[in-house]
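In what comes next, chain A is part of two complexes: it sits with chain B in the first one and with chain C in the second one.
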Partner chain A sequence: MAANHHAPAPVGGNLFNAATFICGVLIAIMLAILAVRFVHGLGAVTNLNDGYPWGIWVVVDVVIGSAFACGGFSVAMLVYIFNKGQYHPLVRPALLASLFGYTLAGVGVIFDLGRWWNFWHIFAPGYANPNSVMFEVAVCISAYIVVMWLEFSPAFFEKWGMKDAKQKLNKVLFFLVALGTVLPMMHQSSLGTLIVVMGVQINPLWQTNLIPLLFLLTAIVIGYGVVLFESCVAASAYRRKIETHLLEPMAKVMLGMLAVFLIVRFGDLLVRGALGHAFKGNVVALAFWVEMLCFIAPFALIASAESRRSPQKLFLAGVAIMLGGIFMRLNAFLIGYDTGVGVDTGWRYFPSVPELMVTIGMFALEVLGYIIITRRFPVLPREDVQVAH
Partner chain B sequence: MSDRRNFLKGVVAASGAAVAAAALPTPAEARETKQRPPEALGLLYDAALCVGCKACVAACKQANDNPPEFSTPDQLWDTPLDTSGRTFNLIKMYRSGTMETKDAAENGYAFMKTSCMHCADPSCVSACPVSAMTKDPKTGIVEYNADACIGCRYCVAACPFGIPKYQYDSPTGKIGKCELCRHRYKDGHYSACAEVCPTGATLYGKTSDLLAEAKRRLALKPGTVATFPRGNISGGPDQSYENVVGNYIQHVYGEKEYGGTQVLKLSAVPFEKMGMPNLPPEAAAAHSESIQHMLYGGLVMPLAVLGAMTYVAKRNIKPEDDDQQGGH
Partner chain C sequence: MVRPRRDNVISGLSGSFQKKGGVMANTSLLSLELNDKIAAAAERLQMSRREFLQFCAALATTLGLPQGADAAVAEAVATKKRPSVIWLHFQECTGCTESMLRAEHPTIEKLILDVISLDYHETLFAAAGHQIEAARETAMKENAGKYVLVIEGAIPTKDNGIYCKIGGKTAIELTKECAKNAAAVIAIGSCASWGGMPSTDPNPTGAVGANKIITDKPVVTIPGCPPNPYNFLSTVVHFLTFGALPEIDALGRPKFAYSRLIHENCERRAHFDAGRFAMEFGDDGHRKGYCLYKLGCKGPETYANCPTILFGDAGAGTWPVGCGHPCIGCTEQGVGFQKPIHMVSKLKNIEPPLQYPRVVEEKGTGATLGSAAVLAAVAGAAAGGAAMVAKNLGLSQKAEQAEEAKKAGEKAQV
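Here is the complex of A and B:
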């Protein structure tokens, strides 16, 4: 195989610009809101209630946020497990985004925990309940965050010239890669299993024993969708050449996985006889079809090899996949969730402005971190035209 | 050639792992719905006997040291509209049309007690990641330990009865729910709601005794006069009295729902209209734990997948080449 790609290098450039300034302001607003939350309780800043005990801090920041952070997992699997070395230049940028997504999802959980000072109980043998799906999710995500920092550490070692450390790490890289494949498989599926214990409160369009498989398949597909999205955004923001020769075949892999997902999804609905709920003419049914349209849209956008070479279409397909992932998780956890199974009515939830600002602030923190690290550390492939430093 | 072979091997290993990691639980490994322990304690609530005096609501507040909650502008007395982190027991009212007749589904009214059902196989206990919600193996009481709780509110989301509730107005908010007054047993007391109930509409005792009593009532002729116990059916002084037999729906709510609950209910108005959900005999906790045990039991599956992945990754990664970024 021809070595047609370049080693990663820092992008360079100023860290103080409009984008980083806006991120800084959003982060400051988030910190102020969090101060109120920790002094006065969850009710002071959120619209959470006993009908909807989980809001966007759980469903968006953790469930959706971690799925969006599956780029590292999806690309690493392609490169190291399926031995498709040509995608190697995509690994570090994808891993970096995953690193931030997961680390912040892990930190974000603390904001939502009503009794956060006890959070370590989840890892303590006397307290931990292995029957709980959330226990599995928490342990697995924590382990994965550590594994990802280790996987990414060569970027730091290179920057600081720590050759020995890098070599030592390279010797065990294969094991880290294996762990980095298995752990997301475990918790991305378990994030779906979280709703099983909620039983009949979840609409049958999402309440199925196959939900772990559906969440896992979409997490992988979303991983590729996010890479498409990020590659296009990074190329445009840093005025770099877009890696179409890599994104085109990767998008094909993504479509394949997406097709598998859609077959399982509709097969399950048909076998369980649950498809009728999709034709009930209510908000839940509408939300189901929006979710489905987002997942079907990429076939209309990038079915042909020619269309997969169009950055615009790749970008749109990535966005469609991400929207599908958002809707599937919002639907399963919030829109398709009926507190008290239709007999305990009157519960409503829509996030408050402060709640939204915290979620936006967390996203700003991810973007800021991504900018700082890509400008200062070797992450993105070196560009011949624009030499760093 | 070798690249292609490796690729295929990778595909096979990874697909096998992915399928295995997400496969369905097989019936052989499924965790059965748990049943009530033989000495299980509970309540029998008889909507036909309830006169809606709410003495049980006040007694519950007192026994659990909970403050009043207000829903009226003048804030004169405790008027919660639903159970909450500080209201563990509530009498709700069913209203229809002209509300002329008690216990009539049409143009009638009826009362329904809302409090923890103490499920045989509780969703909240299965959901809790830190064993803050536990089920006592002997009494079957579903107990809450605030010192263990991380406040994740998975129990709140999981319960089909909407029972565990969180105190959102406090920076150190706890979960609040009925624990059958277990903290009063050592003083010779039992559930305060049953202690104070003037009509025996809320009766305390072993669930087995309560179930027998419920079935006795269903067998009585509606409209006739019969004897009804009050207080504690499984011990204590006889406080029984005579009252008119209600026109019951022939269903003991809680006998089979989700594997059974320790709090049982009788009603003349259909249970779904009274706010009691229609639940299958299999507990959601059993489904959830079947999936978890199938996937993670003994860590067999994760370790097998990890082994396969390690093997494939080791073949595909050559550390010495990494300075040239993957060496491809």
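Here is the complex of A and C:
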């Protein structure tokens, strides 16, 4: 499949440096806050209230976190479904980022559960409510986390020389890959369905029956955006060569998907007659346009093949897509969300410092995990020539 | 006007009121309008005739009797020989008697004293000592098998009942002696019903209810601390009208008064269903009249008709829950005087969660200086980092391009 010089190999190097130290400190702060949260409850550390029963722990750590973790799924879809084997070197690093994103999103849900000790109820047939959107999301995400660890396990098998295990797994890997493509499509769209079931509480700019499709499309686009971002950052941080020859055509695929998304997005707004809400001159309208600008920016940045060969522009396009994804989810779940809608007004939410520190700690945990695994396990493609910097 | 034959009426029970073969009690209140005996009874009670008939109708309704029973009640109250009543007092506070005498309706106490012939009552009698004991024995002898025995107060059983003695006789002896020839036994108040307050742990005197001493005949219990005088009066009038005591439940309580939970007809029930609870005395929810369940109201596990006829006949709206105090469950054995007032009651059906929202929920604060600063710092760091990465990428691309151009130039030169 992949040429030998593309076979993944550990990056190597020291695990103790400024980056890992800062990550460690942030993680320690998070753990201390979580200890307080689990003993004294959500009210002790968060700014959640009856009007905003979920805050950034759900919207950022879970909803945005899992969307960012779609790199693995997007690239795997490109490689295995559309049979574009040349992208294979991107699979493992993308899968690793997905692995962390999803695992931490799954863990992050528990932080936000009021009665967290009952978290296992959703897996117990006697307790679970199979008609609930939450159930769909929870079961899909849990299943996907398991599937991803299995998909990624060859990296561990290679490291520890478990050839037999790897061979056995290779026989069923096609099935895991297929599951790994179906499951995220199911729950990424279900995350949008959560918006649908909240009815009029969501601003018409986001409240549409098409929002599951919009969430799915953006999740795929964000997946490619994250791969652009992560390839560039890994290249920059590890002083490695960038796989521009792979990123350039992938960015083109991404732009195509993005165009589909924008057509559906604005078409839906026009058909429903909801576009007027975007010109109301309030915070929600502003947030909508920031979101839209982020999604449109990549066209300005990497529309031409020439600009797509510039790592700088690819990186900025990736960042823009990610920001668009952040704003879309923040807007739909928090900024465009109003529990009272004209009946009980005045609810306000802004994350507290401890809430922010937990979210930051979660991202630090992802970064630390990524650093440790790429330095010690065969994830990133082997470098044949060291690029001098 | 058809006069009912007394024997038939007496043989009838409440449940079979309308099935008295052939001869029925008078079932038309209107036909009693011009009745001289009704007028005489009303005058005796210092009521207008209308008030008297209304009162009898109310009693019949309280008893849950079918239409027409009001006339039978009125007729019975106006014409029948008043039953002799022996009223014993044991371990208690006399609150049951007090509440009956100080009832809001100015005539109810007169009516009690008019409907019954109170031949022995320690609180109300002017006589004392041997004189009154003699009166009791005389009444019992004269009305053997016909008098009603009312017991107020718990009966101590420890050490052969020496903790309560009247005229040298223990409460146990007196109870047995008086119950022997009684036509009916009524235990009034929670103390006489099951031991009430005196039987509270550790129950130093071994106080029990009357039905633990009188085992050979049914004892109607009218628990409450104090019970509503109407419940007692209705029971007596039922006996007077039909010659039998009303239907009772397993604990001896008349079903007309004790078959429903207070919770079922509570005026605050809507608040319970909506999840609106007073969380502490004097809080906003308490002032707004929210449900008192969380303050320990025992209404959900107490059977009594307080929400319907209110408590103690003290006037409109004046029952504990109406006044903002949780029900203490005084009519319910194992609840009243047993469970602490603040303790949340055991619901007979669905229990609401303990974590309902507060009366006024905080609506959340906006950004604080600290949180905004942390968010700004993160955004700044991310933007700075992104800019640095972008710059690095641009520089390395330039270097690469320069290198390639150099190679290309070298090739061209070669």
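Simple rule for what comes next: the second predicted complex is superposed on the first by the 380 of 389 C-alpha atoms of A that agree within 3 Å, B and C clash if a C-alpha of one lies under 4 Å from a C-alpha of the other, contacts with A are read in each partner's own complex, and residues count from 1 in each chain.
One rule holds in what follows: contacts are C-beta pairs under 8 Å (C-beta built on N, C-alpha and C of every residue); 3 or more make two chains touch, one makes a residue touch a chain.
What you see is a predicted model; the values in this text were computed from it and never measured.
Bringing the complexes onto one copy of chain A puts chain B in a clash with chain C. Of the two partner chains placed by superposition, only chain C is touched by A:357; chain B is not. Applying the stated contact rule after C-alpha superposition, one finds that A:51 touches each of chain B and chain C. Using the contact criterion defined above for the overlaid structures, shared-chain residue A:236 touches chain C, although it does not reach chain B.
In the superposition on chain A, A:186 contacts chain B only, with no contact to chain C. In the superposition on chain A, contact is made by A:348 with chain C only, not with chain B. When the two complexes are superposed, the chain touching more residues of chain A, out of chain B and chain C, is B. Of the two partner chains, neither chain B nor chain C is touched by A:150.
Of the two partner chains placed around the shared chain by superposition, neither chain B nor chain C is touched by A:262. In the overlay built on the shared chain, the residue A:315 is in contact with chain C alone; chain B does not reach it. It is stretch 63-71 of chain B, out of 63-71, 99-107, 135-143 or 315-323, that runs into chain C when the two complexes are superposed. Judged by the document's definition of touching, chain A residues 48-51 lie at the interface with chain B and also at the interface with chain C.
Put simply, chain B touches chain A in their complex at residues 3, 6-7, 10-11, 13-14, 17-18, 21-25, 82, 84-85, 123, 126-132, 146-154, 156-158, 160-162, 165-174, 258, 272, 274-280, 283-285, 287-289, 291-292, 295-296, 302, 305-306, 309-310, 312-317, 319, 322, 324-328. Residue ranges of chain A in contact with chain C, taken from their complex: 47-52, 232-233, 235-236, 242, 310-312, 315-316, 319, 346-353, 355-357, 360, 387, 389. Taken in their complex, chain C has these residues touching chain A: 357, 361-368, 370-372, 374-375, 378, 386, 389-394, 396-397.
Chain contact summary for the complex, chain A toward chain B: residues 1, 3, 5, 7-8, 38-44, 46, 48-51, 53-54, 77, 79-86, 88-89, 112-116, 118-119, 121-122, 126-136, 138, 154, 167, 170-171, 173-175, 177-179, 181-182, 185-186, 189-190, 193-194, 196-201, 209-210, 212-213, 216-217, 337, 339-344.
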